[in-house]
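Presented sequentially are two complexes of subunit A, the first with subunit B as partner and the second with subunit C.
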Partner chain A sequence: MDLRAQLSMSFHMDKCIGCHTCSVSCKNVWTTRRGAEYMWWNNVETKPGAGYPLTWEDQERYRGGWEVSGGSLRLKLLKGPGKIRTLANIFFQPNLPTIDDYYEPFTFDYQNLFNAPAGDDQPVARPKSLITGEFMEKIVLGPNWDDDMGGSPLYASNDPNLKGLSESQKEMLTKFHKLFFFYLPRICNHCLNPACVASCPSGAIYKRGEDGIVLIDQDTCRAWRFCVSACPYKKPYYNWANGKSEKCIFCYPRTETGQANACAHACTGRIRFVGALFYDADRIEDVAKSPDERIVEAMRDIILDPFDPRVIEEARKQGMDDNWIKAAQESPAYNLFKKWRIALPNHPEFRTVPMNFYLPPLSPILHNAKAESGGMFDPESSEFFNSIDKMRVPVRFLANMLSAGNEQLVLESLKKQMAVRMFIRQQRVGDVGDSAVKNALSSVGLTAQDCTDIYRLVSLGTFQERFVIPETHREHQTAVDPRTMYEKRGTVGFGAKNAEFPRRTW
Partner chain B sequence: MNQMFFGAMPYILLTIAIVGMIWRFTTSRYSWSSQSSQFLENKTLFFGSFPWHYGIITILVGHIIGFFVPSAVLAWNGVPVRLYILELTGLAFGFLALFGLLALIYRRLTNARVKALTSGWDVLILIVLLIQVVTGLGNAIVYRWGSNWYAASAVPWMWSIFKLNPQVDYVANLPLVTKVHIFNAMIFIGLIPFSRLAHFVVVNPYKYLWRPYQVVRWYKRDPRTANVIQYK
Partner chain C sequence: MYVCRAVVSARIPTGTAFAYHSQERTINIPKAEQRNKIRGGFHNSVTRQRLKPTLMTGGYGQFSYAFNGWGPIPIIRDTTVLVRKMRNQEVKW
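Up next is the complex of A and B:
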């Protein structure tokens, strides 16, 4: 066993209101620089929708992630045996998205509103490209262009997750009264088998051993941009102005001191949970090679039980501080993903073993259930509970998105969430029959205690309960780096040693 | 005159290149790359970057082989058919490089986004490279069988430079085009530390072929360093 720790974020999709507070906090903290304007390390997409960059989930086009070939794992990008192909494409990458797949960053010529000479017409603020500084004829794409489906099914119909749906199911997209959509907030998944790291010819990208955060060493990055192509989630971004790739850093300067990530901290829907996981690094490759139907189970398998005395002993042997062990035991990530089995990874079939988890949303399912039965549902009838799996459209869609197509896993999570609702409703309102609740609980395998705990965490959870982030205590590690904290002030982490962002002169 | 261009300048420019590279690598390793603009424009780039790099690398390798084993080249050329094959291949790759270079220049001049990122250094390099490729092709076409007399004139001159005993006579009587070609090559070397040409001296990617896929860095694994790299 090679025990390692990983910080992980979970998202309760039902509670996401698509307000983009998370994206804006992230942008304000990290990506307001030139060349980074178009980057959204945290972004929130409407699903169904084309996403950002456009159709990022379509790996036929981008060739991100891994595939199993001849019993071994290889980057999809390589298309052939060995890594030579990466180097052969070093002068021109056929699968690299360009800025037009994201959007050309722009501002508006606001000054014209004040300075325009007197005339017959109202002055306007024309859009100006932030790359060329020239006026833009027309803005054709922007952040969240198809937000809330952008008023048309044009973008949504390109969603790669719609595959496997029948024509009549797809038609749902255009029928206003049957319409469903929800939000998918995304950050880098800080994968256990990161494709970005594996594709970097310079070896500039690395996973941190202590907390699993994946970072790009800015001094070593040579602008080859293979990470951008190889990451199936398109979460490394190329800074066109200074020629370096950048990505979500999981707010490590904050998490190292026990603070919540900027996006999670700001989240108005309180949909985010951050916690630590212990996993067995020896088995990563086996997990990444598992067949699609089994891959989520395999991921759950390598997450170790933080209460198991052998695991605790191993963690101590690895030199892990007690606060990390305690955090792993109270971890919302562990509970949601492994213990209660209600959270699922985004596109596990990309085989990067992503470490962010999502609770599939119940709402679009209920919405459809209601639409089918004349608009109302009776919470007392067990028929409702059992009809979840009849609502095939969203379940298939969610399974494409969250479980490599395994509908059973999505149904398990949805039914569990439903059972918790019934359980709490019985306690609060009392209009659900005892037997209905009992049946629901036993059929999904939850205890009353589990229901109380789930409800406590996802509905009432305080800041301390949602964010259990152990401090790294760098100040104690004087054996590593004998400088005092005072001497180290202004240095930021592993890669960049300058407090200020370096300027490029040629 | 010859003494100055082919006796003294090589040393001046080589010194500039070496000192400059050390200086840039230590003070500004951050900028040690070619700033890719594929992200902003990739259609014309395809017709520029691919032919250019594969063309010029092949030509360069040819020059280097000639430099290290001139006798092998001469022996190969001993049979006329083989000489023709070598010359024609060289010419083909030269034109491939020229085509790519022209596409790249066209792209720099016409695409607004790429233009916004173009520095004076980039323009200078494109000019130097264009001169280099055109004079190279001119040599090959006008003064035929360059692979033969390259091995007999420029190569011994280069060796004499490295042996710190410059024998300018080897190149003094070469045609003007050839002299420009040689001198321009030295300018090119001198420019390496001051431009995107730095990417020409890449020390990293070859490791990629041998290293395992994953890279992990530990902050507290080894007491002596703060940054232990492990592969797994």
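Up next is the complex of A and C:
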């Protein structure tokens, strides 16, 4: 066992209202600089929708992430013999997103509102490009254009997750009353098998062993932009003003002192949970190589039980402080992803082993469970609980997005969420019936205590319950000798651990 | 009367259009072709109503909100929306 720690964020998509408070607080803290205007380290997308950058999930186009080829893992970007291919492509990368795939960043000419000469009508603040400084005739794209455009089929139909949906399910995108949409908040996934780290020709990117945060060393970055291409989530961004790539830093200056990330702290819907996980770094490659239908289970397997005495002993051996062990035991990430199995990773089939998790959203049940009640929720109907696969948001769509196409995992999560609702409704209102609740709980494998805990965390969770972020004890850590950083170039550079040179896979 | 841009959306049923009573007219709004030198958008509510203090006392529904009416004695706020394509696609600021 090679135990490491990871900070992980979980998102309750049922509660996200798409208000972008997270994006704006992230932008105000980190990316209001020149060259970074178009970057949204945290962004919120409307699903179905093309996303930001456009169709980022389509790896036929962008070739991000990993693939298993001949039994070994290799970057999709570099088909063919790795190093030669890197060299061949170092000045030419056809798969990079362009600024048109993100959007042309703009501001408005507010001064004109004060300084305009007298005219026929009141003055107006025209949009101005933050790249050229010229006025723009029309704004044609923004970071959540799908929402700004009211979910027009023009954009929604481009969603790569619609693959495998039936024609009638796709038709729902344009049918009033059947239409569905929800929001997908995204930050860097701080993956266990980060493609950005592996692809960097300068070795400028590293994953910290002590908290799993993936960072780009701004001194070492040589602007090759391989990270931008290789990351399937398109979360590293190239700063065109200073010629360095940048990405979400999981607000490490805040988390190191036990404070919540700027996005999570600001979230008005309280949809975000931050916690620590322990994982076994020896098994990362096996997990990343797992077949699609097994990959989420493999990811759950690699997360270690923080109550297991052997795990605790190993953590102590690694020099981990007790506050990290305690945090891992109280971790909302562990509970949501592994213990209760209601959270799922975003696109695990990209094989980067992402470490942020999502609770799939519940939605109205489509069929006429009871015609006289308008086909809406009818908790007395026996079909109420068993017709989750007929929800308005197609399970296939959620599975494409959250479980590499494994519908059973999405159904399991939705049924558990529904069971919690029934359990609490029976407690508060009492109209569901004890036997119905009992059946629901036993069929999804939750205990009454689990339901109380899930309800407590996702509905009432206080700041301290939602954000269990242990402080980093620098004073106890082996200091990294800056001279060894040079030797660590080209490896995935796991933090302060010695004798750690993971094999490069390309 | 006011002029504004229309957005086509699958979230609105076929044959329906709605307009907000107050439209942006300060930021990113060009001049309206229909209104000769006047900008699009609108800042005032189409109809306004002052609250009568005596109606604000007591426990009855003095604040009765609906899509089409507001207040204890609702004023009908129907708006006629006419959608048409601009004859000249050139934008004037």
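As a convention for this text, the second predicted complex is superposed on the first by the 452 of 506 C-alpha atoms of A that agree within 3 Å, B and C clash if a C-alpha of one lies under 4 Å from a C-alpha of the other, contacts with A are read in each partner's own complex, and residues count from 1 in each chain.
The criterion applied here is as follows: a residue touches a chain if its C-beta (ideal position, glycine included) is under 8 Å from a C-beta of that chain, and two chains touch if they have at least 3 such contacts.
Just so it is clear, the model here is predicted, and its values are computed rather than measured.
A.B. asks: Kindly say whether there is room for both subunit B and subunit C on subunit A in the superposition, answering fit or clash.
C.D. replies: fit
A.B. asks: A:98 contacts which: subunit B (first), subunit C (second), both, neither?
C.D. replies: Touch partner of A:98: subunit B, not subunit C.
A.B. asks: Should A:219 be classified as contacting the first partner (subunit B), the second (subunit C), both, or neither?
C.D. replies: first
A.B. asks: With both complexes superposed on chain A, which partner does A:460 reach: first (subunit B), second (subunit C), both or neither?
C.D. replies: Neither subunit B nor subunit C is touched by A:460.
A.B. asks: Per the overlay, which chain contacts more subunit A residues, subunit B or subunit C?
C.D. replies: For subunit A, the partner with the higher number of touched residues is B.
A.B. asks: Let me test your reading of the model: by the given contact rule, A:156 touches which partner, first (subunit B), second (subunit C), both or neither?
C.D. replies: In the superposition, A:156 contacts subunit C only.
A.B. asks: Is A:448 contacted by the first partner subunit B, the second partner subunit C, both or neither?
C.D. replies: In the superposition, A:448 touches no partner, neither subunit B nor subunit C.
A.B. asks: Given the touch rule stated above, what does A:194 touch, subunit B (first), subunit C (second), both, or neither?
C.D. replies: After superposing on A, A:194 lies in contact with subunit B but is clear of subunit C.
A.B. asks: Can you report the least C-alpha distance between subunit B and subunit C in the superposed arrangement, rounded to whole Å?
C.D. replies: 22
A.B. asks: Do subunit B and subunit C touch any of the same residues on subunit A, and if so, which?
C.D. replies: Common to the two interfaces on subunit A: nothing.
A.B. asks: Would you tell me which residues of subunit A are touching subunit B in their complex?
C.D. replies: So the residues of subunit A in touch with subunit B come to 73, 75, 82-84, 86-87, 90-93, 96-99, 129, 131-134, 193-194, 197-198, 200-203, 205-210, 218-225, 228, 238, 240-244, 281, 319, 472, 474, 477, 479-481, 494, 502, 504-506.
A.B. asks: What residues of subunit A sit close enough to touch subunit C in their complex?
C.D. replies: Residues in contact with subunit C: 108, 113, 120-122, 124-127, 137-139, 149-153, 156, 173-177, 179.
A.B. asks: Would you pull the subunit C residues touching subunit A in the complex into a rising list?
C.D. replies: Spelled out, the residues of subunit C in touch with subunit A are 7-14, 25-31, 37-39, 91, 93.
A.B. asks: Provide the residue numbers of subunit B that touch subunit A in the complex, in ascending order.
C.D. replies: 28-42, 45-46, 49-50, 52-54, 112-113, 115-117, 119, 121, 194-196, 199, 202, 204-205, 207-209, 211, 213-221, 223, 225-230, 232
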